[in-house]
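Below, chain A partners chain B and then partners chain C, in two separate complexes.
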Partner chain A sequence: MDRKVYFKGRALPFLLLLPQLAVTAVFFLWPAAQAVWQSTLQQDAFGLSTSFVGLENFAEVVADPNWRGAAWNTAVFATSVAVLALGVALFLAVQADKAIRGQRFYRTMLIWPYAVAPAIAAVLWLFLFHPNIGLIGRALNAAGVMWNYQLNGNQAMLLVVIASAWKEVSYNFIFFLAGLQSIPKSVLEAAAIDGARPLRRFWTVVFPLLSPTSFFLLVVNLVYAFFDTFGVIHALTKGGPGKATETLIYKVYVDGVDNLNLGSSAAQSVILMLLVIILTVIQFRFVERQVHY
Partner chain B sequence: MSTLNLSGITKSFGTTTVLHGIDLGVADGEMIVIVGASGCGKSTLLRIVAGLETPTTGHVAIAGREVTRLEPADRDIAMVFQNYALYPHMTVAQNMAYGLKIRGTPKEEIARRVAETATLLGIQPLLERKPRQLSGGQRQRVAMGRAIIREPKLFLFDEPLSNLDAKLRVQMRGEIRRLQQRLGVTSLYVTHDQVEAMTLGDRLVVMHQGRAAQVASPMEVWARPADTYVASFIGSPAMNLLEGWLAEDGAAVQLKAGPLLWFTDGPRPGGNGRPLTIGIRPEHVLREGGVPVDVELELVEPLGSETVLHGLLPGGETLTAKLPGMVPAVGSAMEMHLLAEAMHVFDASTGKRLEA
Partner chain C sequence: MRAVVDPDVLARQAERRQVLGRWLAHGALGLGVLVFALPIWITLMGSTHDAATIGRGDVPLLPGGHALENYATALGQGGGRSMSTPVGGMLLNSAIMALLIVSGKIAISLLSAYAVVFFRFPGRMLAFWTIFLTLMLPVEVRIIPTYQVIVDLNLFNSFAGLSLPLIASATATLLFRQFFLTIPDEYVEAAKMDGAGPLRFFRDILLPLSVTNIAALGVILFIYGWNQYLWPLLIVNDRSMETIVVGLTKMIGNGDAQNEWNTIMATAVLAMMPPVLVVVLLQRWFIKGLTETEK
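Showing the complex of A and B:
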């Protein structure tokens, strides 16, 4: 069956595409262009005059030790979130795949966190880990662990990583479960007959067959950690203590909104934009070359 | 010595019982074909032997060793799956080497055996390919290779040819048989195809609703089917099963369709009027030289070397005849002859074979 639809003129297809194009133009292209333009400008402290400075903002951003610190935080944060979210999701997916009864129940329960807004998720973890009122925070202190993420930078980082990963586990879980269920049962049985024990089977058969899924999720998780975790960080630590949990995306906000250094903030967001473009290109290239078993 | 012994195997899934006590002894080097319609429990039985399912009751012994509760890995068996179940991310060579590698076979030995097996199956040029680059027949060979390379005690085949086209199926059927005889490995082969069953098996297990209806050599199953199910399942077109009653003090049968057929191998027990089912293969319905009966023709299927005719007997039963050569359709009514000495006699209520 030929599903292609042919239009006689050009007017109708353009009209049909218009809403989508308009949304993209208004909410993405226009602000992006503004950011690029803004990144080449500098304002005086009172906002009275604006001058074109070329790439000077970029040079300043890259040379700024604070920005480099944020870049390092981002690397640590994104890697930890991705590894944690992928690892936990894979483990849960393998367990859910094994479950014969109640699979739908597990699946539904594990998907819920994805529907929770970042700020709500952050508050939830805050209530768990707050040193004075949090259930786990108090328990940790009672057990002799000096737990206070408001003072200890590493603990703050740990907390935002956990909260951010928790939200992403759901998404990864769905993909891993689908990936596991698409592996023919007979292939695993063949491996069992070939003498492979469950653990060996997992590493030599299941894991390689999941690798396309894993790679896809890795990129998605990195993008998520880079760009979508603002809400979690803002609600939990506001980038603190000090700048311990200030990631690149958070610094864009701090410099632009709090410090009103629009030129620098714009330059930083342009750098982030380039980063996401690169990740997307890698993703697309890989998807094209991807082996479908 | 690699024998296989099954005793009292039953299997229930919840309240459904799919196997009702299977006993089977397979001799060393013997090829047993388990044949039956889908849902008869044949695949479940094979999976129990493989260790992929646990029997509800009963015991499995391979080469005299009780393996009922052992993992598949500990049974020293190999299995060829219907969908081949090759590892998609490994090359042909890696697929075949996988089992050896897990058992810690030295590298040189693995390489030697992969080369040997590939030569045996004629797949040397494919060793570096991935399964998705292979045709159905080639995948089938690789699956065979993966099974024989380990030199297992027992081969299990789960409908290995049903995904191939008809021509390739015939060719692979021959290859499997030659290979099995050459290697002399005890084998269990599951199929729903009666031609495969007849040509491959030293003995057949005809399964029906979770029971072994008959365990015998192919020719025995064909010549002396144990009950009406086996009779109608083996042979193509299926055997005609006609209603009748014992007559002439057990010496003959009165068919509902009219004719009286005399038993040529002696009388059957029971009084006159005992209900019987009479089986006559389509091959044993002739144009002359038997007991005549009038047939109203419904359908003529010319197959070239033979012609299959479907018709109605007086009384409404259907009769299928397979006649050699071309038979011109001669109107709608035709006289055919039933070969009395080739008929099979079954009890009408139990369906069991009645010997003289």
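Showing the complex of A and C:
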């Protein structure tokens, strides 16, 4: 892990580290500490005085039916996005791994959505599913489905899931394809000679070999669904109709920026930080066992 | 009765399966490409018609004759009904923000990875873990306090405020650290023997060796920077500082059917063009950057 030969000196490495450490301290550690500190404070109704309340904010957040609703929305949303994005990407990657013509074309056409910002992905799908001007939205209404994601909570959820998963398929596709291409052909040939049919070969040989990739992607997809999809929800539904698409991260924003309820917003932030830390630790423990540097 | 399987029959069966598999592959991939391209196609076509056509709900599937004026309107005036910010300026703002994030991130992580790998000094591991910790704190979970810092430092409505909090990143530092660890000790020994100091070694040997990694990382970071949403939304309220991704969603507002959808669609095309072009044209760097940073 460490080098045997290195340079001497103490001031120089410190100077080299300084910019990174300064930015980290000012914009990461200090705000994170502030979030933890604020989460233990409460302002009175007029914002005149602030008092220390310990863990009361956390107790209130967890007991709040709105927060529980947002937690439930987040669970539904994140699970749907991850399952949809991983499933579709794996299927497409298996197809693209076959020896067929036009492989490069397919690959290019399937990876570019990665470059589209989540908020823009939302706008593109809005153009399709808008009840008045969207191709699919109008077709659904013409077919007798009462389609209006601005009024129907389930439809709104469906739309934010599709827009969020669409973009993430590209990302998963790249990793699944790389994983598939790293499986030695001899393993597959051995299975084929033993008489295993393609589908059986996939589930008994290929899929187990892909499981480290799949696990890594699952964690990445969950983190993406928890945090990066803020743009999708903000651009498409603003958490509505009602609170049907309000996720935890969106609620942190609404409570902190719109409602100026800093104590509660900070407590929610701290809960989310714990969630990220747990996910990151799981991922690194797992990756460390799988990948040898 | 003979139960021996004819090898020819088996071979033919296998071949038939393969042909079938290839057709399935083309079908599935073709469908995937279509689903991926459909929203873009609709947007592209919409951006070449007039507002009335789209507002009526005639979703155009073929190009119309208003492309030039729509794009000119978007670039010069913007497409909001109540508030208009010219798209040209917003594109420039996004480009500046993205490039600041790219160069800032690469510069500070190169330097810190160099210090952590090629030097021995007290507190080395502490510094490394401090940097590593930032991996766990995405900007979204600490928005309010970070916002407060920006206000205290008087960086509200500035490019420094837009980019500084986003340039510290553990992933870039980890990537460079990993790469530096693979550089043979002989290089360092040779440099020392020739009398080259640490800065000379960094500039003349390490930087040229890192060009590939810098390029790959640059592509990923450009997309990351360009696509920022929540942070610019919070830190900018001056319209002349607006970035394109945030500006686009502001034009849409609540999604009224009376919006100038043609101009909005032209804006959407302009907003996603730069990162999409980067991915398509620099595909090799992009895939390298992606698969190596996210480990």
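One rule holds for everything that comes next: the second predicted complex is superposed on the first by the 283 of 293 C-alpha atoms of A that agree within 3 Å, B and C clash if a C-alpha of one lies under 4 Å from a C-alpha of the other, contacts with A are read in each partner's own complex, and residues count from 1 in each chain.
Assume a residue touches a chain if its C-beta (ideal position, glycine included) is under 8 Å from a C-beta of that chain, and two chains touch if they have at least 3 such contacts.
Predicted model only: the values in this text are computed from it and were never measured.
Using the superposition described at the top, determine whether chain B or chain C touches more residues of chain A.
The partner with more contacted residues on chain A is C.
A:L55 contacts which: chain B (first), chain C (second), both, neither?
Neither chain B nor chain C is touched by A:L55.
For A:F175 in the superposed arrangement: first (chain B), second (chain C), both or neither?
In the superposition, A:F175 contacts chain C only.
In the superposed arrangement, which partner chain does A:F91 touch: chain B (first), chain C (second), both, or neither?
second
With the two complexes superposed on chain A, say which partner A:P208 touches: chain B (first), chain C (second), both, or neither.
Only chain B is touched by A:P208; chain C is not.
Is A:D194 in contact with chain B, with chain C, with both, or with neither (first, second, both, neither)?
First partner only, chain B.
Examine A:I282 and indicate which partner it touches, taking first as chain B and second as chain C; both and neither are also allowed.
After superposition on chain A, A:I282 lies in contact with neither partner.
Which partner chains sit in contact with A:V145 here, chain B, chain C, both or neither? Use first/second/both/neither.
neither
From the superposed pair, tell me which chain A residues show up as contacts to chain B and also as contacts to chain C.
197, 291, 293
Inside the complex, what are the residues of chain A that reach chain B?
For chain A paired with chain B, touching residues are 184, 186-187, 189-197, 200, 204-205, 208-209, 211, 291, 293.
Could you please specify the touching residues of chain B with respect to chain A in the complex?
For chain B paired with chain A, touching residues are 50-52, 71-73, 77-79, 81-83, 85-89, 98-99, 102-103, 132, 146, 150.
What part of chain C is in contact with chain A in the complex they form?
The contact residues of chain C facing chain A are 17, 21-22, 24-26, 28-29, 32-33, 35-40, 42-43, 46, 54-55, 57, 59, 107-109, 111-112, 114-122, 124, 127, 130-131, 133-138, 140-146, 148-149, 153, 164-165, 167-168, 173, 178, 181, 185, 188-189, 192, 197-199, 201, 223, 226-227, 229-230, 233-234, 245-246, 248-249, 252, 254-255, 257, 261, 264-265, 268, 271-272, 275-276, 278-280, 283, 286-287, 290-291, 294-295.
Could you list, by residue number, the parts of chain A that touch chain C in their complex?
Answer in residue numbers: 1, 3-10, 12-14, 16-17, 19-21, 23-32, 34-35, 38, 88, 91-92, 95-96, 98-100, 102, 106, 108-120, 122-128, 130, 132-135, 138, 150, 166, 169-171, 174-175, 178, 197-198, 220, 223, 227-228, 230-231, 234-235, 249, 252-253, 256-257, 262, 265-266, 269, 272-273, 276-277, 280, 287, 291, 293.
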